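Given below, in the form of structure tokens, are the structures.
Note that chain A is present in both complexes that follow, paired respectively with chain B and with chain C.
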Partner chain A sequence: MSGHASVNSVGDSRLKRFLVQAVLGTIAVAWLVPMVAALLSSFRYFERDTQVNGVFSWPKALTLDNYREAWRVGSIWGHFGKTMFIVIPSLFLILLLSSMVAYACSRYSWKFNVFFLVLFTAGNLMPQQVIFQPLFRIFKNTPWPDILSDTDTGSLLGTKVAVILIHVAFQTGFCTFVLSNYMKTIPKEIGEAAMVDGASVWRQYRQIILPLCRPAFAALATLEFTWLYNDFFWGAVLLNQGAERPITSSIAVLNGQYASNYNLIAAASMMIALPTLAVYLALQKHFISGLTLGANKG
Partner chain B sequence: MSSNKVTAAPPTGRRRRFSQLTKRDKIVLWVMVGIPTFLHVVLVWIPAILTGILSFMRWDNIRPVSTAELVGFRNYWEIFTIFDNQLFPALFNNLILMVWLFLCSAIGVLLAYLLDKNIKGTRFYQSVYYFPVVLSMAVVGFIWKSVMFNRDSGLLNILWPGKPVDFVGDQSKLFEIHLPLLDFPLGLSKNFAALLIAMAWRHIGYVMVLYLAGLKSFDPALREAAAIDGCNEWQTFRSVVFPGLKPINVVVAVITVIEALRAYDIVAALSEPRGTEVMGTLVTNSLMGEGGGYAGRGSAFGMVLFLLCIGFIIWYVINNFRERVT
Partner chain C sequence: MTGKIEKSPSPSEVGFSVMSRRTLLASAAVAAAAGGVVLTSCGDDDDSGGGGGGSEVTFGSNYSDPKDSEAIKAAIDSTGLSVKINTVDHNTYQENFNTYIQQPDDVVCWFAGYRMRAFAGKGVVSDISDVWAKLPDMSEGFKNASTGLDGKQYFVPFYFYPWAVHYRKSLFADKGYSIPTTWDDFIALCDQMVADGITPLAAANDGGWPQMGMFDMINMRTNGYDFHVSLMGGKESWTDDKVKKVFENWSALLDYYQPDVNGRTWQDAATALGNNEVGMYLLGTFVTSNFDDTQQDIIDDIDFFAFPAIDPAYGQEAVEAPIDGFMMAKSPKNDAGARSLLGALGGAGAIDAYIGVNPAVVAANSKAKTDGYNALQEKSAEIVGAAKYISQFLDRDTDPDFAAKVVGKAIQDFLSDPGQIDSILSTVEEQKKTYTFE
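Here is the complex of A and B:
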């Protein structure tokens, strides 16, 4: 690393460094403007402040009214609960299933290793729109007891289980790819030693490989959390009642009712963005390593 | 990085052979692979195949599937002739989006390169550029719509000279091109251009983070060698660093293309202002809601999207798994 730095700094004059800082700084300001402006306007009165004085005016008073109103009308808390009801089981199942495939395909050599990895990786890149129509039918024709869902159709369609299933089916692709790359870096001697000691395949997976993959799990969990939380398509397509939809859809509902009260929508946006922003700021390291685990091929 | 992996990897056959395992272990392994594969195939691949079959059929999407009749390429003929005024504007928007996202990727690479120079505040800049990526596309759309683009009090409207611009509603074209076989012009509508800016806000940071990680792990000796050989900075980047980051280039190219083709959330969340149709919304709308009821035609639209994606998917898969196959 230090050698790297010296190569760069030798040729770089002071002026050049200043220019780089200026460029990066300007872009950073441009990046923050929409967010800061949204944050500011979410605290301002709409009818007696921004609408009259404009956004560039100095706010005369700050208020939490927009948050209260958006919280109530958008039923943010209810939507948040419903979103978590989808995100948490999905996350657990995705990591469990993909670690099993990745383990079997990366630690043992059998004929279909590459076939399975290709199947999952390519499936993960499939456009959602291409599959949703038949999927709709499959879910509709799958019986599902109403006691286990909040619908009364007797089928999987419209239940959160359906959304969980499709998230799991889709995201397992990406996680399998990342985890199998990660597991390849674990020395094979560890598995062999365990084998000699008589540990079964399942026991090796459970007690050796899973604990060693903790960093990869942490990275994938943070990344997948934001992806699942931010999903708009599956929630909107599979859950047809507005109240059941995940949190990202609730902003569209608000937009329908308060199309012109931008401060209110800004407040709702801030509340919806808060969980993922918090996860990102707290776990930034994991977040970025999750992305790069996928890109660097381990 | 990947080249290190390849040379360090043990020769083939040193991983445990499947045939050496006990029967019980074999069953366990099959179950471990079987359950996820079953789920994935049933919910992703089979629906994709069914969409392919449906695209050759006529079906109203309401009556039982048995009433569907085979019509050959009729749906495809229809979408390329009768409904070409839906297909081509959507395709054109996807194409513009793709070109645009590639430009954004280039900016992302540039930012990563600058940030890699060990300057002050790298971490701060990285966090700032990257944070829009964690926001939902729906939220990104609304932040821009209500704060930046808003007709009366949006920030951009205040900075914009002259009359207020209705960024999200204005469907007049920035430029138009006339293609010989189409009786209507294709063009970039102003509101789609506005969406492009919001999408750039999100895409640039994504690419930047991927490249920055690659640059950090790039072998400094290679750069030094290039510098000793008299390469200037641009030459070093073009012929040493950039080719050396091939795995990341591939990932970024795939992300860019697939994101451009799959775009849906931001357009749908803004209730699809006219002029901003993309393939994603076109497929969805012809299959459900008011425009629904034409399962065959909707599937044909879907297959066009699928065929555009699959080429890149195959390219990506080949790039990734070639060394394992050989």
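Here is the complex of A and C:
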């Protein structure tokens, strides 16, 4: 029976492998269709080609006009700057604050450390949109000196500071979770040895733990950059000046009132996706480890 | 509920006092001269105004299409005031208006009629009756469309564009078709087109709004303008026989429609019109914007006629022509500046400058230049002039949420399964109860 079965199982596993590959291949193709269609569309004329022949027809002629026009009309470069104005300070603050919380909660045993850890982690589970209304009012009623913002709205609402604050508030939870799990894997003895040598808590954090967490920071920075860069919602609802919006929300300007040139929008989307793509390709290793970091708690 | 029922302007009020094109043209020279005078006097006001006059006014703009944004800039430049324009793309502006108006620019773009009254009622925009005192060239009808339920003005109209049945002149000439004015003629023409191998009616409903125009027209032709306003105001039952009659009439047209209405964009339908695959297309005059410079021959070949009469009692007395314009924020940073900007935008000079760049609309100001109008603009002025009532469009004449989520949905359902109309209308009537229409 065993001999018979093994012959069968070889056939089985071949069939299985074939099926798996067929399924994965189909999914991969299905996944690629919209992207390839967008990429191809971005190089096609709209009125005289796509609109007449349909998105899935073979292009008659290719052009870079869409890219030129999207770059100009969408003022991509300017809005890219606005995005960076939000993303870079947010990223810095998120990593700084979450590493502090993670350090205090994972390296020390005190009355509320688990409570705080749970609080920060649970914050991740809340859909951000639900607190939009109260937050809107808080921002509106918080006076903010014009000198501290580039848009003189008088209140926090309408400033990029507001967007940075909300990003910091929401992303700190996830980063705390990841960093505390990572810090738990660093042997306790390192901290004890430092303490014996007379290092203060701050010094242990700054000179021992932070340098050791560099891989976790790299992974988180890659992930967070993509998430913050891709944020559409907060930029659109908190910034009332069209010219101040981050690139993802500002691109809607390419939608016409009655008509939309989808090839133009595709070209703009391609340009907008480039920075995240570049970050991903350059830091691929960190990106993947970032997603699994904290998945296996030490 | 204040008793005053909103009424769209009747044309004589709107300033087209059933004027023939010739009289319109004749008055053009006078108008042009007057425009110049108004413009200079505006500039003078500003310069000598002192105080607030010199400082900047902020202007929230939804004119985001390249041509529109260029045109609105020209209009604002023509006022000679110092204005900072904040452009937000048209759709986001509209969807976010509720939050935007809580931290708005000094002067904001918006729509006349019900949509304006909703915000005037909430007290988030300013009474600008004093600005209206200086707008002698705005007719009574436009004033009504700019008046809130409390009898004060909150809106300055800028321009409008009508909805009508578009067709290609060359096709009608080739086949010897004549313009139908009655329902029977219309159906007969459709049958004739079918016999000639042409799909009679272009039909699109992607986005859920294009077919609202068809509902408006059939309702106003079947039941009259007053019933339409009353129905939009939530005061009539959607299960009423009158409403059922609208859908019965509509069903008669469905046989002549392009198939799969709900999935087609208005642009696709317009392209079909351009290719002579379909004979007629009910849409706003912006239909021509579907064609680019290389298709000027098609644009020049497009003409339109008023939707045919159904019940002779109502004839072709109503036309749909949405009005766009401006409001002032509740507490603008520069109150005086905002008021002078609104006054200047209501003048003939501003709209002349706008139309100079983007000639797709018709000026609200009766003194605006008309000699530069193309054939479609002249016709637009004419069709509005010949109409007794002007509606704003379904999603502007009622609660926008009710329009989109309830009526829009019902129309989609009707188009995909006309047989279910009774249960569809019961659903509308049921859902209507959750709206206050205030």
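The definition used in the following text is that the second predicted complex is superposed on the first by the 263 of 298 C-alpha atoms of A that agree within 3 Å, B and C clash if a C-alpha of one lies under 4 Å from a C-alpha of the other, contacts with A are read in each partner's own complex, and residues count from 1 in each chain.
The rule is simple: a residue touches a chain if its C-beta (ideal position, glycine included) is under 8 Å from a C-beta of that chain, and two chains touch if they have at least 3 such contacts.
Since the model is a prediction, treat every value here as computed from it, not as a measurement.
When the two structures are aligned on the shared chain, A:Lys285 is found in touch with neither chain B nor chain C.
Annotation for chain A, partner touching more residues between chain B and chain C: B. Of the two partner chains placed by the overlay, only chain C lies in contact with A:Thr153; chain B stays clear of it. With both structures placed on the common chain, the touch criterion links A:Lys140 to chain C but leaves chain B unconnected. In the superposition on chain A, contact of A:Val253 is made with chain C only, not with chain B. In the superposition on chain A, contact of A:Lys60 is made with neither chain B nor chain C.
When the two structures are aligned on the shared chain, A:Val237 is found in touch with chain B and with chain C. When both complexes are overlaid on chain A, the residue A:Arg68 reaches neither chain B nor chain C.
Of the two partner chains placed by superposition, only chain B is touched by A:Tyr205; chain C is not.
In the superposition on chain A, the residues of chain A contacting both chain B and chain C are 51, 136, 236-237, 249, 252, 255-256.
By the touch criterion given at the top, residues 60, 62, 64-66, 68, 86-92, 96, 99-100, 102-105, 266-268, 271, 284, 286, 289-292, 294-295 of chain C touch chain A in their complex.
Considering their complex, residues 47-48, 51-52, 73, 136, 140, 153, 155, 157-158, 236-237, 240-243, 249, 252-259 of chain A touch chain C.
Partner chain B is touched in their complex by these residues of chain A: 1, 3-5, 7-9, 11-12, 17, 20-21, 23-24, 27-28, 31-35, 37-38, 41, 50-51, 54-56, 97-98, 100-101, 103-105, 107-111, 113-114, 116-123, 125-138, 165-166, 168-170, 172-173, 176, 184, 188, 191-192, 195, 200-202, 205, 226, 229-233, 236-237, 248-249, 251-252, 255-256, 262-263, 265-266, 268-269, 272-273, 276-277, 279-281, 284, 287-289, 291-292, 294-298. Chain B meets chain A in the complex at residues 1-2, 5, 9-10, 12-18, 21-22, 24-25, 28-29, 32-33, 35-37, 39-48, 50-51, 54, 65, 111, 114-121, 124-125, 127-132, 134-139, 142-148, 150, 152-155, 158, 201, 205-206, 209-210, 213-214, 216-218, 220-221, 223-224, 227, 233, 247-248, 251-252, 254, 258, 261-262, 264-265, 268-271, 279-280, 283-284, 287-288, 295, 298-299, 302-303, 305-306, 309, 312-314, 316-317, 320-321, 324-325.
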